[in-house]
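First chain written, first letter: the chains are A, B, C and D, and each begins at residue 1.
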Amino acid sequence: MSALDKDVVCVDGELIASRRVGAYQHLTFVAPGIAELARPGHFVALSVGGPTSANLLRRCFSIHQVTPSGTYGGTVDVVVSAVGVGTEWVTGLRPHETTSIIGPLGRPFPLPTVDDPADAPACVLVGGGYGSAPLFWLAERLRERGCHVEMVLGAATESRLFGVVDARRAADGVTICTDDGSLGHRGWISEVLPVVIRRSRAQVVYACGPMGMLQSVTEIAAAHGAVAQVAVEEAMACGVGVCMTCVMPVQGKDGQTRMVRSCVEGPVFRGDRVRWDAFSGGLCTVPDDAVGAAGMRAH
Amino acid sequence: MSALDKDVVCVDGELIASRRVGAYQHLTFVAPGIAELARPGHFVALSVGGPTSANLLRRCFSIHQVTPSGTYGGTVDVVVSAVGVGTEWVTGLRPHETTSIIGPLGRPFPLPTVDDPADAPACVLVGGGYGSAPLFWLAERLRERGCHVEMVLGAATESRLFGVVDARRAADGVTICTDDGSLGHRGWISEVLPVVIRRSRAQVVYACGPMGMLQSVTEIAAAHGAVAQVAVEEAMACGVGVCMTCVMPVQGKDGQTRMVRSCVEGPVFRGDRVRWDAFSGGLCTVPDDAVGAAGMRAH
Amino acid sequence: MSHAVSMPDTAPAPPSDQAAAVDLRVDIGPSGAPQILPNPLMTASGCAANGPELHRFFDVTELGAFVTKSVMREPRSGRGTPRMAETPSGMLNSIGLQGPGIDAFVSTDLRWLAEHDARVLVSIAGGSATEFAEVAATLAESRDFDHVVVGVEVNISCPNVANRGQVFACDPQASAKVMTLVRESLPRDTPIIAKLSPDVTNIADIAAACLKAGASGLTMINTTLGMVIDLDRMRPQVAGITGGLSGPAVRPMAVRAIWQVTSAMREGRMPTVPIIGVGGVRTGRDALELIVAGATAVQVGTVTFNDPLAPVRVRDELAAELADRGFGSVSDAVGAAHPR
Amino acid sequence: MSHAVSMPDTAPAPPSDQAAAVDLRVDIGPSGAPQILPNPLMTASGCAANGPELHRFFDVTELGAFVTKSVMREPRSGRGTPRMAETPSGMLNSIGLQGPGIDAFVSTDLRWLAEHDARVLVSIAGGSATEFAEVAATLAESRDFDHVVVGVEVNISCPNVANRGQVFACDPQASAKVMTLVRESLPRDTPIIAKLSPDVTNIADIAAACLKAGASGLTMINTTLGMVIDLDRMRPQVAGITGGLSGPAVRPMAVRAIWQVTSAMREGRMPTVPIIGVGGVRTGRDALELIVAGATAVQVGTVTFNDPLAPVRVRDELAAELADRGFGSVSDAVGAAHPR
């Protein structure tokens, strides 16, 4: 095979550690090659069910952390919430079992270009549920650049928070909220976020979590003059850009809205570019002004 | 549910031991209820692939032995040759993994009615490859009745023989043959069987193995005035009599040939009742004189 | 505007008394002649033999109805073997309608089902419209007809001898002729359920033709034509060359067929009659999927080969799924996924 | 008479030099105008985007041909989401032919493929026969047409605006009209491959109509119509309500379609032309199954979503399977499961 620009690998990943963390399972796979290429915000696609599987499609998970080398060669960690057949299979894997892993996939969180660390922008990192998984690594990279980093973690209840302890180490300030008040502020992220942005004078808000939260974060950031960078989670059949199932309406720099693939052009988008008006009740429609919408009306 | 005559059970079987024996895997499952009901010649149907499986159909295996009670409750042993996706999955199971088991299924080997042990008929038990698996248990039952039992085990090569050591304990005489001469007589069962029948004055020949061998055993038994009881192996979709895929042409007591289900009316048939003339090259046709063959010709 | 940050908690199964409170009764009768079944779960024709085999696993009275293997006029040996191949999430079969013929069927099989108090949906087949009618007539005259037969399922997915073996269900006229003659051979109020093949360009056309000619209900879908090749012997795997594909693999085709025909009924393009859904049902969720697409009752076929208890298990799972979603009865859920 | 007592030893894979010796070349050209491809493996339209995405995993020149996503005249946004559902051993999709339109396609996508020396089978679509023809004409005039385009695949599984949205491929006349106009828009020796839908009563009729009207080959099969219901939201799972079912689940339908049409060719009921097989191919064995049923080339679609390297992996596995069975070339295996 001719030499290709290898920016992605497909490997059989051996599970070497699996531990319960609240409502989630934290898994470590040996996956040589991925760690070297990955950056915060990238995701991996795992095949599920083994050789007899009726489940053809891969499942995507944000990379929680990577270790480029070590006793086992490079490793990749993911944090998985068991919600269906695929995630149940993945969380049920036992050490030394393997599954195929493709990664790193997608576009990572853009990091601010910092010439003088003194000018580094303050950032707020917002994670909903397991959405916090990729943020600790991101926090590290940002602080390396000199950014002040605050984290806001929210979930329905304490067991659905991920990484509260890590957050205290990774960030300069941490705010927790739960719907039921079982830990931290009782209520929604949207209630605490404005305070955190104001207090830290944040210029960038990074967020990962459910769509509703991302929209809310985008609106709050905008109201405070900050840029929102949000990592979305659309149902993906391939994860590598070939199926066109994961699209969503996003405005380009030219102001035009296009149905773009969230697996290759995302999963991280600038929040203010996402056409949140098109989402409702689990459906996303094509905005009338989107490129090619007229072509659809023809037939 | 109203009380039914429970002659079959469907249980989640936990694997408690799995060991390589030559080319085969010998598996022990905890399967309460089956041991109590099973007799030599019965088989079990195992589901394969677990909850994400694309393989809907069960795989059938002769019961090698059962232990009605014990530390684990009843257990069932099977001996599996990994030849395809299902048998590979089964032989790849690790201790404490489970799969659904239905059994006992089919009709067991008929045992001679013996009033006086002195009159007990001598029997020869012929096993081809893993086909010997159900015979040791059968030998035990026959010897309990006072029968003189000889075993003939054959296979392509030594590693494909099963139970050579057990045979020496279970039988009064053992003859081994392999195609390549790696153990015992070099050649086919059909070459040694006549001698064994004559020497032991056997009145019944029990056999389990490939179809070609069963036909051959039937012919040799007939030539020596013995009855052949053969356990066949037809592809089975259900194993419980509801799908009609496992049929073969067998003559009834009334002399009429019917396409009978080998899962419920077999797998053990009197060899001379099987219409061997209908089998050829992996196909089995419906004999012209079979019941209902005329109905097929109509349309 | 603000949004809650919460992951949906995977709700535990509801207490079984809620499921027990769901009214499972369904009516598969023609309009004006209700035929109430205690629950919507049935075996599928050809996937359950004729009773005794599954009675080892559950009492046949537990079913809404027991659907028998399609029976023809004469005894049939069926085809040679191999008759099956496993396929991804499904299987291919080519049995060739092996059976005892209608006379032996009524004296032996139907008798057994009567003795065991089963409700029976008798599946009939034929190589000509006349044969269908004769089989129906023999059935109607049988001693057990009145008290055990809850309906007749007309399997028109068999080759029409008069038309180069094209299956009846592929042609509206041929299908209609069968229904007309069967209708004439059975008492007025006997449910006549036409079982349709998905292998047609427009299934609603066939459905409409059957209903116009006297069918009082529809079963969808029969197997779809498929083929597997034996790559060692380099020839078709099943002796019949092509075979019927079934199992979870085809469930999306069944849902689609039920949806399309239900839509046509809702749009007034044909009368609204009970639909019996079949195709790849493995769990209560699957049964619910067919029901909300428009089916009143549901058959479990191929999955029975994996789990002989499936028809009864699916019934109980269905009750739990309905309770979970706040449905008080099966009828409330029929067609519930269609726009109101 | 006596029989050997021997279990077939599961033979190990043959040495790869045997596989390497297999002649993988195939000809997908019209008669008299050979179009030789170095191997029979292709991507499937809509399952590989237009090149760069898979080029991250393997060099696009490794393929026999790269099949592009069906392109129409205008840019299209495609449908809203959700656009997919996973199904047992398959998936349902409802993309709505999202694409850049033929002008941007030739200037950007085809350009990229040309720069990377790909052999391209361009898939075209339209809402009317005229639109198909216009798309073909624009393609034929493009600068890269002559050196990269090895053929045009005509996706007639799209709704015919003039006929209440019935897909062209469900009607022989509509299909033929498309072929006629496309034929007129392309150079004489360009392979024109009609891609057929399995959702018809008689696929051989459609195939024959396409060939008569100017198609020089056939691709079988496109997705089959299916549906999945979202049981939480109680509505169709995909925004397009119904969708196309694909993946290993439907492979037996693809094998059957290829077999039926090949049989019709062998019986002289239509001319013998190259068939490109597609539907559920996951392994070299699966590719071989389509080939021995009658396909000259094989596309890998849905399975690419599971394994982006699948098209190239399947090619290598196919070579090994052929060598295993003593075939010296792909051509020797084409149709090999048919009676001689």
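Following the convention adopted for this analysis, a residue touches a chain if its C-beta (ideal position, glycine included) is under 8 Å from a C-beta of that chain, and two chains touch if they have at least 3 such contacts.
Given the structure is predicted, the values throughout are model-derived calculations rather than measurements.
When the C-beta contacts at B-C and at B-D are tallied, the pair with the greater total is B-C.
Distance from the centre of chain A peaks at B, each centre being the average of the chain's Cα atoms. Averaging C-alpha coordinates per chain places the centre of chain A 35 Å away from that of chain D.
Centres computed as Cα averages put chain A at a distance of 45 Å from chain C. Chain B has residues 54-55 in contact with two or more other chains.
The multi-chain contact residues of chain D, meaning those touching 2 or more other chains, are 88-90, 247-248. Because contacts link each chain to all the remaining chains, their graph is best described as complete.
Those residues of chain A lying in contact with chain B across their complex are 48-55, 85-86, 88-89. Touching chain A in their complex are the following residues of chain D: 46-49, 53-59, 61-62, 69, 72, 74-84, 86, 88-91, 93, 95-96, 98-99, 101, 127, 159, 161, 165, 230, 233, 239, 247-248, 302-309, 312. Within the complex formed with chain C, the chain D residues making contact are 87-90, 92, 170, 199-202, 224-229, 231, 234-236, 241-243, 245, 247-253, 255-256, 259-260, 280, 285, 288-289, 292-293, 321, 325, 336-337.
Within the complex formed with chain B, the chain D residues making contact are 1-10, 88-89, 248.
Chain A makes touch with chain C in their complex at residues 23, 54, 81-83, 128-130, 154-157, 160, 177, 179, 188-191, 209-210, 212-213, 215-216, 219.
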